[in-house]
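The next part holds the structures, each set out as structure tokens.
Below, chain A partners chain B and then partners chain C, in two separate complexes.
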Partner chain A sequence: MTNREKLQDLLQDILLLDPSEFRFDLMRDDVQMWDSLAVVAIAVGVDETFGYHFTPEEAMTIKGVPDIMALLETKSISFAE
Partner chain B sequence: MLNSPEIWDFGEILNRNLGNCTLLTTPSVRSRVTDWPFNHATSVGHLDERLDTLVVIGGGTLIDEAKAWRAHRAPRTFLVAVPSIWGSGAEASPVIVLDHNGAKEIHIGNQYLPDVRCVWPELASSLSPEQALYACGDAWSHALEGFLSPLAGHSLREDLASVLVTMKSLPVSNDSRWFEPSAAACAGQARSSVGLVHGIAHTLEPVMRASYPREGWGHARLCATFVWPVMRYNQARGDRWTSLTSQYGLDGSAMLDCIESLHDSGNYETAMAHMEGAWKEVLRDPCTRTNSTLVRPDSLAWFMNRAFL
Partner chain C sequence: MISFLRFDEDDDLSLHSRLNQCWTSNQPFIVAPHSLGDATVELLRSINRNQEAVSGTAFAVATSGSTGEPRLYFGDRNRARALVQTLHVVQRSDPVTETLGILPLSYSFALVNQWLWATEFGRRYVPTNGFKYPEILAKQLLNTKSAMLCLVASQVPLIKRFFGNRKFPGVIRVHFAGERFPQKELPYIAEVFPNATVFNNYGCTEAMPRLTCRLSDDSEDSENVGQPIPGVRLRLGLDGALLFRSKYSAVATLSDNGAQRISDNEWIPSGDYAVQNSDGSWSISGRTNQVFKRHGVKVSVQAVLSHLENVWTGQLSQYSLYDTDSSISYALVVSPEPSPEQLRSILRALRDHFSRAHWPLRIESLSSIPTLASGKIDSQELISSNNKKLHWRQRI
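Coming up: the complex of A and B.
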């Protein structure tokens, strides 16, 4: 499984999305379930899946899927297709 | 230190000048207090909003109703909470859980914190072994989920680790020493969050009450039933259980033994028969979403297959 697939799988589970609803340019405002509790769950899930734990400051800057990928790219976790 | 209301000795209720005071009690307690020199009430609907003091003696549900009544209807009333059973910790927490036709509504705010709590140790002796066991499950769930929560900070974890050590030393019986760690656990989890045990309990409670109306299915029984399987899930699916128990000097495997002793496989089978239909709602529950280990749609299979055994 690639990192892109792992991230998609994770976010679909947390945000309770069908595969057809997921996009890599999805923003927080596009998804009803993406509230502050989802931010906590994403931090837990990213830690479990990619072994990196967002700091609270980093978690606060996340406005969408591109931000998650950009943050993880800075930790050498690649999402190249 | 964990925030908590002022603590009184039980006798102070009778010795202090409480002004125009009403005693709100559950039926199980009422016969013990009929001669107390206060007005008596059986529900918040009967309370006068000009009261100086309200003393509530009962379980978590009644205490939460009194907390809500005071906050919304009579904010100047002094509130004294005396739990008739441990577990909910309602006497020590700024959280209220209200039941609206089976749906749980959770509110948090300092306006809900009682002014005083006190322990009436003799009430513990009236609990049946089953009630005591379920109450212990509720208390363990608050302490463990609050400790493991991704929202907990270092000092809170230190406080809750100390509570967990105390709980581990207590027998699962109607021992009044449970009141203190239970109150501390509840005050602690209010500063972080709870997790999947509570997500399951909040979702299944109305289902179980409707399906088995005379079998005493309530919050504490569900907590006692699920705290061991959920902690085994947390242990199996992530490293937070192992790393945090080790970091705070806790004996994780001894704690798992303690909570395993609360688990009843018959209760588990009965509750799990309703889990598949409720799982989507469990996943949406705010408590589930702050579980220490991520809960996914496919996590249901882990519980259905009894992978914790």
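Coming up: the complex of A and C.
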């Protein structure tokens, strides 16, 4: 499973999205269920899946899926297709 | 001398004979499930230390294996007789000539609504082995005439599994109690019991046991339990919990905390939250131990389960669970195992109709939901079972 697939699975799971509803350019404002609790759940899920725990400051800056990938890329976690 | 009568699914005629003897000769007796936990056995032993509290009462019902908190509820003969007189009218039981015991008589619903009613009105009580031997039960149901049944909702899947599309025209009354009324299964129940009038009964062991009753056709809402029966008054406590006064209620309880008399002036908690409808009927909105605040939001597990019934046709159950912050929540257990698409339907229903605080912490499945001899869900087994399969979880 690629990192893209892992991230997609994780976010679908946390935000209860159908596979057809997921996009890698999804933004927080596009998803009603992306509330503050979801932010916490995403931080926990990213830690479990990729072994990196967002700092509170990092978690606050996340506005969408591209931000998550960009942040993790800086930690040498690649999302190249 | 108190007789202990321990019932299970087995058709033990000597036990029924002892029950008849106790009732007719005014001997005190305790009915209890056959498989008692150690805590319940200890409670029964303690009865000898609490003779004063229980003197003057006639019989007692031992509960509750499902929660693991055993308690004895003491009833009074005259109150129980008065209740079956009322039920006979409310439940339109005059044409009924016999009743088949599918639930064990350790369950107050079966003890009062069936056995005692049959005894007082000179009707035949037919013991069965329940679904332990479904073919024998099917024959008994086929041979019965003008019969009444008392069931719990979790037995409907058993009826479907074992009896399919068979018809039992000799059954003319079917009573449900003890769990959420299987409103959505009424078309199937009408096929299997084509001549039966179906009732939704509500109560609790403290009420010994009946509080309300309605015909199945009186509402399309499974939470609607109808109007109080004559002799029962209902009201809400300040927190929305349903309280009752009943001239039929238990007169004392015995638990680990000792014996307590129940006075006639006491408003007794039923264990549920409720609302009163504009027509005077009542709707149950959740068990008081299944409604909680999570992230500042009031969560009713029953409301969630009721909604999920629209997308999940199998069995649904739940048990309490704490999250990583030690806040109470719950796990949803479905049966049988859902397909990925069915799981997505459940998740979609949660997402579209409830905020995250209402979502379960976990969604698990079991091949079948464990039940007690009474047919009610065995909460302890549900929690401790190692066979649960995890399908989804919240990460907070």
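We take it that the second predicted complex is superposed on the first by the 81 of 81 C-alpha atoms of A that agree within 3 Å, B and C clash if a C-alpha of one lies under 4 Å from a C-alpha of the other, contacts with A are read in each partner's own complex, and residues count from 1 in each chain.
Throughout what follows, a contact is a pair of C-beta atoms (placed from the backbone, for glycine too) under 8 Å apart; a residue touches a chain by one contact, two chains touch by 3 or more.
Because the structure is predicted, anything quoted here is derived from the model rather than measured.
Asker: Chain B versus chain C on the shared chain A, clash or fit?
Answerer: Overlaying the two structures gives a clash between chain B and chain C.
Asker: For A:Val44, select first, second, both or neither according to whether it touches chain B, chain C, the two together, or no partner.
Answerer: A:Val44 sits against chain B and chain C alike.
Asker: After the superposition on A, what does A:Asp18 contact: first (chain B), second (chain C), both or neither?
Answerer: Once the two structures are laid over each other on A, A:Asp18 reaches chain C alone.
Asker: Touching A:Ala59, do we find chain B (first), chain C (second), both, or neither?
Answerer: In the superposition, A:Ala59 contacts neither chain B nor chain C.
Asker: Which partner chains sit in contact with A:Met69 here, chain B, chain C, both or neither? Use first/second/both/neither.
Answerer: So A:Met69 meets neither chain B nor chain C here.
Asker: Which of these chain B stretches, 98-106, 116-124, 152-160 or 170-178, gets into chain C when the structures are overlaid?
Answerer: The superposed arrangement places chain B into chain C at 98-106.
Asker: From the superposed pair, tell me which chain A residues show up as contacts to chain B and also as contacts to chain C.
Answerer: In chain A, residues 13-14, 16, 33, 37-38, 40-41, 44-45, 48 are touched by chain B and also by chain C.
Asker: Touching chain B in the complex: which residues of chain A?
Answerer: 10, 13-14, 16, 33, 37-38, 40-41, 43-45, 48
Asker: Where on chain A does chain C make contact in their complex?
Answerer: Per the stated touch rule, the residues are 13-16, 18, 33, 35, 37-38, 40-42, 44-45, 48.
Asker: Quick one: in the complex, what on chain C touches chain A?
Answerer: My answer: residues 295, 344, 347-348, 350-351, 355-357, 359, 392, 394-396.
Asker: Within the complex, which stretch of chain B touches chain A?
Answerer: Answer in residue numbers: 150-151, 237-238, 280, 283-284, 286, 289-294, 296-298.
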